[in-house]
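Pasting the structures here.
Below, subunit A partners subunit B and then partners subunit C, in two separate complexes.
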Partner chain A sequence: MASSGSGYDLSSSTFSPDGRIFQIEYAAKAVENAGTALGLRCRDGIVLAVEKPLVNRMLVAKTTGRRIHTVDEYAGLAITGFVSDGRQIVNRAREEASNYEETYGTKIPPETLSARISTYVHYFTLHGALRPFGASTLVAAYDPGTKRHSLHMIEPSGVCYEYYGAAAGRGRQLARTEMEKLSINPARVASGGGEGEGGGGGGGAITVADGVRQLAKIIHSLRDDAKDKPFELEMSWLCEGSGWKHQGVPRDVIADAVEWAKKEIKDNAEDEDDDDDDEEEEVGGGDVMEE
Partner chain B sequence: MSLSLQNGGAPTRALPSVTTVHATSGGNQRTTRPITTGTSVLGIKYKGGVMLAADTLVSYGSLAKYKNARRLVTVNSRTLIGASGEYSDLQSISDLLVSNALEDRCTADSLYDEDNNEECAGEVWSYLRAVMYQRRNKMNPLWNDVVVAGFRQEPDGTTTDTPFLGVVDKIGTAYEDDVLATGFGAYIALPLMREKYRPDMEEGEARALLEDCLRILFYRDCRALNRVQIAKVTKEGGALVSEPYELDTYWDFKGYVTNKGEIGTDGGW
Partner chain C sequence: MSRDSNYDHHISIFSPQGRLYQMEYAFKAASSASGLTGIALRGSDCCVVVTQRKVPDRLVVPSSVSHVHNVTSRIGVLATGMTSDCHAAVQRMRYEAADFEFKYGYAIPPAVLARRMADLAQVNTQSASMRPLAVVLLIVGVDDERGPQVLKVDPAGHYLPFVGAASGAKEQEATNFLEKRVDDIRGYTLDETVRTAIVCLGSVLGSDFRGSEIEVAIVKGKGGKFRSLTEEEIEEHLNAIADDADA
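The block that comes next holds the complex of A and B.
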């Protein structure tokens, strides 16, 4: 994007001659440089993880500037990018959830919640007087009616897709590559994962307990401890074990996962030094997909 | 379809809407009497908890219309309400309180339950008082007497050992007591409960007393039923509401079977 803009990037209400809306792309750029946010749909629930950079040593990290929010009994949002923009999305999501329940008497279905959030985000890309949101949103939700859980991601452009594994923020491409190696896609698990020894029951998809560890590992492996700022790993889940309620992953569980992740990363690095062949096997444990 | 930011509803913590006010050519019409009604709710403190009791009848005038209506509701994990009066207004109050509780959970400082920012019974009661009083001043009351049961809390949000029992009526009068009754129960059951009440009552005693009172109300209150629910709040167990069940009745008392003339008093029928 060398000569990007040149007059067409002043407002999201104007297309460039080659059919792009630069303000939206800039908004997406704002997300690209923010802390990594990951979401993983597992067999028995969904895990959300966000890297929260600790910008100041005196920060009271536990409660301020949170990136994961509860919007309904069975729905949680992870935001990254401009957190203040994201919070606006969170507030809207809460309103939509409570409104839906007031009107129809049932919990808002995950697809409806995500669609309504995306409509809201999209609205900000249509007007010259508005600035698009500089934040991406991961929506983890459970539908008590259909008993299905799902993960959606909404980007600054207002698009909304459902995912098995979603990533936003810094290092998202690497994170996606790592997540693809986990057996989270039921279609692929059914066709290829059956014969693997550690495939696990229920279609072979991984469990949330395992998901927490894998996400911790991905977030830690994206970082360079020497260069990067310290961060807090925020994690939440919504699973059978939590009664499908959106809750923070217990702090000791996160601590265990991080410890495991760091050891794995160290072991992998050592393996890579003397032998490159074994690398694949270590990454996903027994859940590695055969391509 | 026009583009708009409207999401088509009131913000969650808005007071219940006053759309029951219909503009007519002659002016405004308001609720002047309840239509579908529940009768008495009883409440009592006992050793280690608070207990509420109510029957499951909702009447349409003098017609016993709905016989399995639940009038005791948990509004959060440690607070109960029970209401007599207009049943639809109770539903509206319960929706309001439940959605407030959900909002409190969503906007908590932490993702964990470590900071309990759930409203305690005293706060629910006080909030309800404000709602009822505001509606009364708008000349459009919610037609209920609401009993609130739960526990007091420490400033940090932890539940204390002190039980709470309070009532709010449709004009916003609010008070607390160790024993409470609304509706016809305030005349029939309350004197009996006051007589038997002790601060160190066991749970079983409290329950037996409430069941006796409900049975007596069923005998004497034409809008009462012997199908009832009991609910309790304890510090450890939080708020629990029983499934509806039927009370045994005994109709062979002399006064019930003999007509007035035969027993020389003005008892009987």
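The block that comes next holds the complex of A and C.
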């Protein structure tokens, strides 16, 4: 069994003797080592968060090197892995959304957008002349027709599922564990609540306001400040409050959430003191992120 | 490219023994990639497909994990293998079916669709630049002239009609189970076909199921629609099977 590839890993169009395609697995590794991207489906919307490591102190961090992009009025994408690969996916998604509206006269439904992206990503795993995308994509979108919001994630292999909570990148294992504890899976929210299935929505008991805080907490708790470079926390949402439009979370809300998160982490930690050397630049006020 | 002398292992060319290794590896990927087993049966006037529903983790919405798809309102497919390849194959099937109906003015018969997908699969076994799709398709529908049809299309481009067919990890065990009952299956009603399919899956996997752990889809009668059974309907069948077992 050639678990190290040994010759079967040179192209996407080659199967190994045990039926694996190593190029796809290597592409997934590229994502595993990258900054964490999280998505949470809440009762009243979806929150996306990406950890953007700052490679250079001279960077204008807040507005460049974006990892969350608006694709259509009611749809947004978060990418992690090779961000330049991710940018190609974003461009394609924008084309798909715009073509769909031109052809059919309505906004592209979330499932259709995700299916189109996944078919596109999958195509690059078929040809020997191409390589797979080294990026995972989280799609947050709202369908004005069915009034339902949903979160999907597309991996480098082209596999696409709908999620209550999705995580990709370095901290995904821990993030998944934390997300499972939140009440986002309607089947597991206590039936007495009666709020498990919102009218035509779905999403559990947690709201977007909570979601922002929880994701900030997850990202901050994954960091080892002694070892990791400084980073910028990008967050966006689409929710009832934003009119279901995909927008950046206002900076003061992020700053607030980060403060809360840090306090929670500190309180939860046994006897550590972690709030010294993290050089985030989230500052209150300033412009709302717009695409 | 590679200086490996086993070039025939890397792209779709013949080995000195006349084998196509890449195609064989594609078969392996199709049967073991997802770890699932799928079964399709045809009764006297109906077709049934059954497979497991394995949700990868608790954060995934279960309804988005499905291997059973509608191609047209009357033809369905159970696609097992690499998930993204399955998705691509189903997309292509939908396109082919719609294109056929647009060009010729009537709904594509299941066998014609199967043949088309088989031809497309064969192309990849002859070209160096594209790999075969690691998917086994079980196409089901009720043909206007020939009645219920189950067709199996594999990565090599074979397609054959079956009374009962299986795909995936436990294909051989399921086929053995069905072979013993093939004469009876031909005459089964819808309920009998569904229950036989579920019992077959249960016996090869060595376990019982709940309604949420399997997917069952049916199409019955000429002009019948291909549809998935709800969890309640599946539970009804499971209860009936349990009662029969006790009786």
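The working rule: the second predicted complex is superposed on the first by the 251 of 291 C-alpha atoms of A that agree within 3 Å, B and C clash if a C-alpha of one lies under 4 Å from a C-alpha of the other, contacts with A are read in each partner's own complex, and residues count from 1 in each chain.
Here is the rule we use: contacts are C-beta pairs under 8 Å (C-beta built on N, C-alpha and C of every residue); 3 or more make two chains touch, one makes a residue touch a chain.
What you see is a predicted model, and the numbers here were worked out from it, not measured in a lab.
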Quiz prompt | Combined model on subunit A: subunit C and subunit B, fit or clash | solution = fit
Quiz item: Which chain makes contact with more of the residues of subunit A, subunit B or else subunit C?
Solution: C
Quiz item: Regarding the shared-chain residue A:Leu126, is it in contact with subunit B (first), subunit C (second), both, or neither?
Solution: both
Practice problem: Look at the superposition and give the distance in whole angstrom between the closest pair of CA atoms, one from subunit B and one from subunit C. | Solution: 5
Quiz item: What residues on subunit A does subunit C touch that subunit B touches too?
Solution: 123, 126
Quiz prompt | In the complex, subunit A residues that touch subunit C | solution = 7-8, 10-21, 115, 118-119, 121-123, 125-129, 150, 152, 157-166, 176, 179-180, 184-185, 188
Quiz prompt | subunit A-touching residues of subunit B, taken from the complex the two chains share | solution = 3, 5, 7-9, 11-12, 95, 99, 102-103, 105-113
Self-check item: subunit A to subunit B touching residues, read off their complex
Solution: 62-63, 66, 68-73, 92, 94-96, 98-99, 101-103, 116, 120, 123, 126, 234, 236, 247-248, 250-251
Quiz item: Where on subunit C is subunit A touching in the complex?
Solution: 1-2, 4, 6, 9-11, 21-22, 25-33, 56-61, 63-65, 82-85, 87-88, 91, 128-134
